[in-house]
Structure formats: C-alpha cells, structure tokens
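Can you read through this structure? Questions will come right after.
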Amino acid sequence: MTAKRPFDRAADSLRTVTLETGVNRYAEGSCLVAFGHTRVLVTASVEERVPPFLRGRGQGWVTAEYGMLPRATHTRGRREASEGKQSGRTQEIQRLIGRSLRAVVDMAALGERQISLDCDVIQADGGTRTAAITGAWVALRQATDLLVQEGMIARSPLLDQVAAVSCGVCQGVPVLDLEYEEDSNAEADANFVLTGAGDIVEIQATGEKRGFTRAEFEALFGLAEKGIGELFALQRAAAAA
Amino acid sequence: MTAKRPFDRAADSLRTVTLETGVNRYAEGSCLVAFGHTRVLVTASVEERVPPFLRGRGQGWVTAEYGMLPRATHTRGRREASEGKQSGRTQEIQRLIGRSLRAVVDMAALGERQISLDCDVIQADGGTRTAAITGAWVALRQATDLLVQEGMIARSPLLDQVAAVSCGVCQGVPVLDLEYEEDSNAEADANFVLTGAGDIVEIQATGEKRGFTRAEFEALFGLAEKGIGELFALQRAAAAA
Amino acid sequence: MTAKRPFDRAADSLRTVTLETGVNRYAEGSCLVAFGHTRVLVTASVEERVPPFLRGRGQGWVTAEYGMLPRATHTRGRREASEGKQSGRTQEIQRLIGRSLRAVVDMAALGERQISLDCDVIQADGGTRTAAITGAWVALRQATDLLVQEGMIARSPLLDQVAAVSCGVCQGVPVLDLEYEEDSNAEADANFVLTGAGDIVEIQATGEKRGFTRAEFEALFGLAEKGIGELFALQRAAAAA
Amino acid sequence: MTAKRPFDRAADSLRTVTLETGVNRYAEGSCLVAFGHTRVLVTASVEERVPPFLRGRGQGWVTAEYGMLPRATHTRGRREASEGKQSGRTQEIQRLIGRSLRAVVDMAALGERQISLDCDVIQADGGTRTAAITGAWVALRQATDLLVQEGMIARSPLLDQVAAVSCGVCQGVPVLDLEYEEDSNAEADANFVLTGAGDIVEIQATGEKRGFTRAEFEALFGLAEKGIGELFALQRAAAAA
Amino acid sequence: MTAKRPFDRAADSLRTVTLETGVNRYAEGSCLVAFGHTRVLVTASVEERVPPFLRGRGQGWVTAEYGMLPRATHTRGRREASEGKQSGRTQEIQRLIGRSLRAVVDMAALGERQISLDCDVIQADGGTRTAAITGAWVALRQATDLLVQEGMIARSPLLDQVAAVSCGVCQGVPVLDLEYEEDSNAEADANFVLTGAGDIVEIQATGEKRGFTRAEFEALFGLAEKGIGELFALQRAAAAA
Amino acid sequence: MTAKRPFDRAADSLRTVTLETGVNRYAEGSCLVAFGHTRVLVTASVEERVPPFLRGRGQGWVTAEYGMLPRATHTRGRREASEGKQSGRTQEIQRLIGRSLRAVVDMAALGERQISLDCDVIQADGGTRTAAITGAWVALRQATDLLVQEGMIARSPLLDQVAAVSCGVCQGVPVLDLEYEEDSNAEADANFVLTGAGDIVEIQATGEKRGFTRAEFEALFGLAEKGIGELFALQRAAAAA
C-alpha cells in the first residue's frame, strides 16, 4: 500500500523544518518556523499583568493569538480585522496553541505575569497550527530564559518541551506532516501535540471524507511520535543557538 | 486503582440517558436528550436552500448551531446574543457537531437543501457537546425520514448512526461519561465521536492538568466504544418510537 | 358580532395556561409557562452585585433578558448570537419585562443584589412577552422567598403580583389572549400588564391594520382585566405548590 | 388637586409648538419641530426601492430612524455611531415612529418606493418621540405632495393626519405634554398617537414609580385628545405654508 | 487662465460664512457654522474627567467627534449608528479636528478635564471638515471662557486661533473654498489648517484625478492664507458677540 | 542649526532601504520593504472582480489594506482582529496607500479586475506608511507585468512610479526619513507621496507639538524630493531584478 507523495517524500518523513530565532528586535522571544513552504512568525511578549481571573493569585498565564495574512494562501482570503471578527477556525486554533503551551509551564514559577504568543502565518501550505505550536515553544523558551537571566524569576518555569505535527490518511496510506494539497484530499487527518516525556497534550482527529479505523489511527499516532521526536531535537538546537 | 464516582457510578457506566422525540411541534425533527442532569434540546429544520458555496451543485448540506441558556449552569453566564458574539468555545462546539453529523450523510441523496441542527443547552452538567451530537442524530433521522415519506427524496441520505461520549482520567482512573464535577477536576479528558460501523469521526483529547499516557488514552478509547455502543441502541429505540 | 376562534374558544377565554416550577436545578427560581402552544422557560438568578449606576446605594435591581430559540417558530429564524446582535424587537420586549417586574419590587428591601430573569421562548404561538411576564413573577417569587428563608433579607421585597395578557380586535371582535394566527391577522392589538391591586403597569396598544376606536380599546381593557384576574389565581397556586 | 408646573403652565396646556418646513435643501420633505426647548429635525427621503420583503409586490414602505446628538441633553451622552450600536431605547423609538406613520399611508397608492423619515434630536427637553411623530407627518406630507406634483403618483397616499403627545401623572395630577424635569419625576406617563379621525394608533403607558389607576389613565387620554387636536391644526397650517 | 465658478464667485473668494453662537442651551459652548449651504452644528462639552492615559497627570484633553445626518447630502446616506460603525472617512475627519484644536490649547492650563467637540453636519455642500474646525474654535473659546469666568481655571488655555479652509485645482485653476460640485470635479484639492500666527497645523493635499505640481500647490497655499485670514476675523467677531 | 541624529545619520540621508521581491510564492507580486528596522511585507493579489460600484464599467480598481503584527512595536499592541475592528489610524493609512497607488494606474487599461495590496508591518521603527507605499509600487509593478506577460492585458496600466517618505522638524532641524524615536519627539512631521514626474500625489503635514512655519515646510518638501528620488532608483532596480 503506497502512495506517491509530492517530491517523492517518504510516508514517514517531515518536510524540511527550520526554526530561526532572533527575528524580531523588540520581542522577548521570537521564532520564524518553516515546515516546507509553511512559514509562521511567532513572538513571545512578556507583560507584567495577568488576566482578571488570576489577579492576586501569585501565578502567571500563557496565552496565544493566531492570524493569517490575507495572501498567505493560494487565493487571497479576507482580512479578519476588516471583517470585524475572528473566524471560528482562528479561535479554535489559538485556543489549541494556548492550551498546548500551558501544559508545559509551571504557572507559579512564572510569577504574576503573562506571556503572549503571537503566531502569524506568513505563508500557508498545510500544518500551520502544528508549526505554530512547535515554534511557539522556542519563542517561549527564549522569553523565559530571559526572565531568569534578568533575575525576574529564580528558575525556568518550563517543565518540558512540547511540539506538534499533523498526520493523515491519503489514498489509504498513513503519512506524516501533510502539506496543503495532501491535507485537502486526505480521507482523515489528525493533529498530535506531545510532550518531551511522550505524554499526550492534545489529539484532534477528524474523518474528513470518511470515518477512519482504529488501526489507521494507531498508525498515525506512531508516525506522529516519530516526527515529533525529530522536532524536539530541532527545538533544542534552536534554543541552544 | 479505583475512584469513587458520584452516586457510586461504575467507571464504565453511562449516566441515565433519555432521548425524547416530538418535543417541538414545528420542527421537522426534534429530540430532548438527557445525560443525567445535562439536557439539550435539538431541533432539525429543513430549508430548501443551501449555502452559497454549494448552489447549483445538486447536493445538500447539514449544519449545526449550539447555544447555552444563561442559567443552564451553576452560576449565571452571559447571554451571547447580548454580548454581540459567540464565544470561541461555542463556535468550536458547533463546528464539531456539524462535522460529526455530515460524516454520516450522503449529500447528493439529500438533494439541494439544508438541514440545520439547533442544539440548545437547557441545563448543563458536563458532556453537553457529546449529548448534542447523540441527540442531533435522532432529530436528523426524523427529518430525513419525513423527507422520504413526503416523497421529496427517494431514499434516506443517512448512511449510518453517529453518537458521542466524553471520557476522562479522574484521580488516575479512566472513567466514562464525565459529569461536571468530574470534568472540572479531571487530569485529562477526551471526546469520542464514532459511527455505527465503529469508525472514528472525531477524537478530541486534551491533557487538562497534565499530559496523559498513551496507555491511558487507549483505556479511554475502550470505554468510549462501550458507551457509544449503548447510545446506538438508545438512538435506534428513539427513532423507532 | 361574533368571530369563530380556533378550537371554538370563547372571545373572553384564555388558552390553557400552566405554570410549572422547579424546572431548573441551579436557578434560585424557575418557571416553565405555557399559554396553549406558547412555551417560555423563565429562570430567576440572584447575583450579589448591582449595575454600576446603583453601586453603594443600598438597593437592588431586577432585570430581564429575552430570547427565542431559532426553531421556536413555524419557520426557522436566525440565531441572534450568531447574528452578532439582538433585534430591536428583542430589546423592546426585554425592557418591557424588566420594567413590569420592577413595578412590584421594593428595591431597598431587596438589598444590594440583582435578580436576572431569563425568559427563553422554547415554542412560540403568540403572546410570548405576556407569558414571559406572567411566568417571571412566579420565578421571582421563588427567588425572593429563598432569600427570606436563607436569612439574606428580613422580608419579601415583592409588593404585589403582576401578570400580563394580550388582547386584540379580530374581524371586528375584541378577543382575549391571541394565538399566533389571530395575532398576525388582528386589526389592532394591545398588551396589558396589571398589578394585583388592579393598577396599570404597562399598556402597549397598536393599530396594526387600522387605528382602533376608544370603545374598542375599552373593550380590550375589560377583557384583559378578566383574563389577568385568572392568571393571578394560577400564579398564587404555582407559588404555593 | 393642583400642582405648580414650570412657567405656570396649565395642566392641559401644550408647550409652545412650532413646525418649520423647508429646513433642508436636498430632502423631499423636512420639518424642524419644537415643543418648547425640545427640537427635532425631520427629513423625508424618497428612494425608488423597497426593502427585500416587499420587492415586486407593487407597494411602498415608510420607515423611520431616530438619533440624538450627543449634547442634545443636559450632560453629554455617548455617540451611538462610535459605540457601534443603537441602544434599545433608540430602536424602540424608531420602530414606534415608523409604525405610527405607516398607519396613515396607503402603501399601494405610494407605489414601489420607500420614504425614510430621519428624526434627529438637536435638543431634548422631554417628549422627543412624540415631537418626532408630529413633525414627521409634516415632512411626509411634503414628500408625498411632491410625488403627486411631479406626476410620480396619481393621488396622495396619505389617508389621514397622525400626531402624538405625552401625558403623565405628576404629584398626583394628570398633565399634558411633559417637559424633561416633569417626565423624570412623573409617577406614570403615557404616549398617545392618534389619527385625525380620533382613532388610536398607539398607546404606550408606563407606571414609572407606581402603577396608575384606570381613572388616571382615562384622564390622561382626555388630555391627549385635547392636545393632539391642537397639534392637528398646527400640522395643517404648516402643510399649507 | 480662468474658470467660471458657480454664482460667479471669484477664485479667491470664500462663500458667505456665518458663525452663530448660543445655539444649544445645555452645552458650555456652541456654534452653528455655515459656509454657503454647508452647515455644521458644533457643541463643546466640558467633562471633569480625562481619558485613561492622562489620569493623574494634571493636564487636560480636547477631543472631537464628527457625524453627518443621513440626509445632509443630495441623496440619503446610511446612518452610521445603525450600520454599527463609523466609516474610515468619519474617523479620519474627527481625528483631524481633534488634532487641529489641540494645537492651540495649553493642556496644563486646562487642568484635568476634557472638552469634547461634537461636530454634526446638518447640511453638506463641500468643506464640512474645514467648517467644523473653524466653528469648533468658536465653541471651544466659549467653553474655556466660561471656565475662567466660573473660576475653574486661572487663565484661558487657548494659545491662539485656529481655522481651516479647503482649496483645489478646478479645470486647471486654483480656487478657494470648494463647494461640493467643484470638489467632486477638482483635479486636486488640499485642506489647510493654520494658526493665527500663520503657522501650519495641518496640510492634507491630495491629487484626486492627477498629481499636481509644486507651483499649483504653492498657489493653493496662498489662497488658503488669504481665506483663513478672513475666517480669523469672523471668529473674533463671533467670540466677542 | 544641527541636531545629532541616531547613528550620526545626516539630516538629508535615508536609512538603509531594501526592496526584496519574490517573498511570497502565491501572490502575483510581493515585496519585503525595509527602511532601517522598519519592515513591511507587501503582496499584490489580482482578482477577477471589481467592487460593486464599478461593475460593468470596463475598468479596474486598486485597493490596499494595512495591518501591524501585535509585536511589531516596542510593547505589544492589541490585535485588531480580536478587537473586532480596525482603528481609525489603520483605516486612515490604508486609505492613503490605496489613493497613492491609484494615482499612477490607468484603470481602463487594467480592465475589469482588482489588485489588492496587503501591507503588513512585521517590525515598526517609524515610517511604516511611507515604506508601505514605496514597496507596494514594486509589488504592483510585478503583478501588472505578469498580467501583460500572460496576455491578460495589452499594455501595462502603470503610468508612472510613486514613492513616499516622511520628514520632520526635530529640535528645530528639518530631517529626512524619521525613525520612531525621532518621530515621537518631532515638533512637526509630514508625509510626502510624489510621482516619478515630480508631481504631488499626497502631502500630510502635521504640527505635533507646535505649528510649523512655511519656511520649515518648504525645507521638508525639499528633503522629500531628494529622498524620493533615491527611492525611485531603488524601485527601478528591484523591478528589474
């Protein structure tokens, strides 16, 4: 059971992934993450305030916002700011990014401050939300390291790594890291967010054209574990740079 | 490894589930679904039009909207209509319900018409989105049966059943069908949407307080398969009533 | 001068009216009110805060919100939450409900807290606003009785009963308690809100197809007094249950 | 039973009322109406289109919009355009104005066109909605006369006059045409909209501080009939000017 | 090089300009400004508060809002309040008015209070924004004089006069104070805002149909200096009235 | 009269300006423009439709939208999409960009299609609107060249170049191309938009802290002419690349 992927990529291969740091001179952390043609610019901004529901409780917060430039895609989309609202898809994605990062942060160790992760898609070719999570960890790592360096906090509030990848069943074959053309024709796809310890932070699996079997799901899970392992190594390299 | 559940419910037991039909005299299909204290009123409305992106293509559409009455919960929430927008959570849920039902509908057999599933939570005690999906299938079944009876379409566009349940890890123990108090203290939880054939339509798994292991996830999956099997029987009984 | 009403109802007869309490396990008061096929679910929620313009003045507030489920009507309407705003009609109705209930409440006796009356129309067959007012009094009575029982306030802030009914001129004949089909064909209609003492809280009279004469108006007023008298008895029975 | 009114006005006296036409060089009809210090600028705009629900039905429509300049009142209010929405009060008032004028228009005679009545309050001292209705009739009369003069329609679609006034119970005394200070202290008030034939178009009566008796209501009704009779004469004079 | 202007106006002539004060009985300052058929009602409202970014800094603020009645123009425009937002044009204009007036106010001398200038266009025939600025200075002068009279501040915070006019190139000829028909056909136009001392507060020059030469621009500048000189005299006369 | 500029830049020197093309693989034209640390990503998108007011008139349209990533600035700003509206500043800027580019386009030669210029600020250090205009011309040139190459149109609709720069008076000295720190302390500043032929498209001059003299204005104009001349050379080089 084989399917020819674009550029002859193997079923269990990631696209070329790069994590470039230092791409914004003002932000406490920043990362331009690329998965093939998908490019997401992430900044981490530290603010000395927390949302109202946390005030005075001695702990911090990590949140995320997601956006896509109108011409990040093949045809121009509408600008959400001029539409007057964020789409359901945008809100769903930014909620996912925020939850994923919060899963590896010790909020008490962060202290009463907020880190906002802005994830803006410069160019989209599938997998923007998982690229955003993967890059956001790098930006968050930089921002928290900076807080430690500056003596704002005693130790890093980062408990572990977190990274994400999408997988899908295309023409019956489970494959890793879908690009846009694969994604839009996949029978089913799933986004996996895992920690460095191998624990599940989030799984979002959807049968797009048909339901998929438990066996197929297990195959996707295996691919994700392999791919995310590679992403963890890239994250560590970027953080050490 | 045991945890005492409210009302001594077994780890693999559903709450009392009822699916009452005929609860709205105007709608083409309706179902008041209860999972314990959670109660969701679902109506299926047939409209002889489709969204713009489908016009003239000879196929139908199924969509869903979700709402919660302000006092469905322990403390009064704000009314989304007076807020001027639906929350990200609401949009995420109604998108999930719509996708789940579309997975079992043959859109060409439905013809160029739309069925809207309105899912309004009258009282919330955990699991409102999975209750909504389970009840929406019953309302949708009634509406499509009516279209067949009235000779609007030749055969039912419903390809299979679909139902959903939430599971979670509470104090280390995987349990089925969380009620609110369990849900808000769970370490991790997951919503499963499966078809009558046993295929996966959607999985949304989230580590709330910590990541969870693949073994825990597999245990939740098993519980979901058991619970959803029971829901399928209740759906068939309601549809036959 | 006679007109045949649906189901041979007499010109001065109410539809079957029921006021069912205890329909929400969280709210401090609740009432499912039915006038024939019209059904409105009312909850009364006590909150220990008042609107900004009343803070620190030692008195309370009663407010109301009104909504209609999309398929409460013969054909599906749009959901106001997804529209992004409440219609002028909705705002007009909820302002009326709030004013009507405030007319019988001693705000100083209520203390610095707010009671919100949420009136959600489950099914609409004419007279939803008057049904809402009539049921809201029952829910409010329960909520205020609870405050007294729990020792939060020394005595009931409820000064009197308040109830409402619609009347109209149909084919030249003044009739009580219009159902939808009558309402949409009435030459003129009026909503009356009266206190137990017989005083006027609100009258909203509108010539829909033609102006109406002062004599016709007086006839409607008489019908309303009769009908509201019967509603007061039903309210007392529901409150005593 | 007497109460001293500001400027020793008699209980059954209108304030000085003026209806000045020709105040906008572009509008098909216009009227600056003053009731004492209350001043409302009304324009009638003819447009050769009707709302979607009337298209192709060979009949016209009359609608109204209402606004208040931010400093029309003693203290500056917020500008609704910058707030991003019209208040419930504004919507309620403009719906009332529209219904009132439609009551005296033969929509078939108007033909498939719309007349919009814009009522903008330049200065507010009570009774803005009733002043707006009274002035809007004059502007509408001018616009419909113009349509007849220009041969667009064969005969005037105006069936009768319509005018409005507010009355209230102040310190126990029924009085005509409340100014702001009276209005804000009235025990009860009512707006009456009547036709030249003496028929009721709208009554909106509200017990502000207490319910009011049927006898008080009848007294207000009598005052309104007297005052509106005087307004009809002023309207005819303005239309003849 | 000559072009015939409407009403044979000379290229360097203003339309008839009037500045009428005392047109609102509640506002601390008010001015009805007319440039030919263009009429703008300006009120100045003093409020004992400042925007959040200025609190506690011992200085004041001057801000402006701009609106246009729907039938101020030849054909009826949409009401921004019912549209739910101010247009980009409206926001641009009110920002310009605010900046222009702030340029001649000593904010420390004003003290911690805000003056809001509401500029509402009653009738539009070109040059509404420059008329608004010119009239707003008069209203602001009245309001600040009143603060001095009432002993709220020791001396006037007004440092100088400010006035504005539009100029344009019509059929190749530079002309002063465009009316609507000229403005909509101009090749280029420019708004000049100058102080009594002759300094530039704002210039907004736009090539509408083609770019314009520096020589043309200089000619417009000269016309503006002449016209604004005349406006300053009218402002002083109005302020002295 | 000299003032030390950051990095010892001469009063009449531009910052380092780069215009990088080919930065988006989907857009018909794209340019990443940098003026020192200011970086704006511009894409030109061709769409085979025009706005409603131009339909069927055989001519095209050019429009622009502007946005700023939340952390483009020293401290994080709010995301306009989540705010639910574009600020007045944003709308003012995007209107300016659109007008500036339209000034050099022959709309009939473009044919009935629209080109949208999306200008997104990645990093802001002053002069974002003028950088956007300068880069947008390059992206527009690419998009129109592509239309010619593909035979969609017979000849280029671009009539000339257009570029822009800001100038200001800082500590009494007129200087070219302000960076953020200069801009926020300038006594006055002005944005100039000129064509290749030297004609004025737009001038927006504002006295920020004080009015400025006509002599100062003329000095700024001279600096702008010099700087824009250099920008034209860079645009031609980028277009030829």
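A, B, C, D, E and F are the chain letters, set down in written order, and residue numbers restart from 1 in every chain.
Rule of thumb we're sticking to: contacts are C-beta pairs under 8 Å (C-beta built on N, C-alpha and C of every residue); 3 or more make two chains touch, one makes a residue touch a chain.
Which protein is which chain? UniProt says A, B, C, D, E, F = Ribonuclease PH.
For clarity, every value in this text was computed on a predicted model and none was experimentally measured.
If each hop has to land on a touching chain, what is the smallest number of hops from chain C (Ribonuclease PH) to chain F (Ribonuclease PH)?
Steps on the shortest route: 3.
Between chain A (Ribonuclease PH) and chain E (Ribonuclease PH), which partner chains are common?
F
Tell me whether chain A (Ribonuclease PH) and chain B (Ribonuclease PH), two copies of the same sequence, contact each other through the same residue numbers or different ones, using over half shared as the line for same.
same
Express in whole angstrom the distance between the two chain centres, defined as the mean CA positions of chain A (Ribonuclease PH) and chain C (Ribonuclease PH).
One centre to the other, that is 51 Å.
How many angstrom lie between the centres of chain D (Ribonuclease PH) and chain E (Ribonuclease PH), each centre taken as the mean Cα position?
So the centre of chain D (Ribonuclease PH) lies 33 Å away from the centre of chain E (Ribonuclease PH).
Could you tell me which residues belong to chain B (Ribonuclease PH) and also touch two or more other chains?
Residue numbers touching two or more other chains: 84-86.
Can you give me the ring order of the chains, beginning with chain A (Ribonuclease PH) and going next to chain B (Ribonuclease PH)?
Beginning with chain A (Ribonuclease PH), then chain B (Ribonuclease PH), the ring reads A, B, C, D, E, F.
Would you mind writing out the residues of chain A (Ribonuclease PH) in touch with chain B (Ribonuclease PH) in their complex?
Those residues of chain A (Ribonuclease PH) that touch chain B (Ribonuclease PH) are 85-86, 88-89, 91-92, 94-95, 99, 103, 188, 190, 194-195, 197-207, 210-214, 217, 221.
Spell out the part of chain E (Ribonuclease PH) that touches chain D (Ribonuclease PH) in their complex, as residue ranges.
So the residues of chain E (Ribonuclease PH) in touch with chain D (Ribonuclease PH) come to 24-27, 30, 37, 41, 43, 45, 47, 65, 67, 69-76, 79-86, 90, 116, 118, 120, 122-123.
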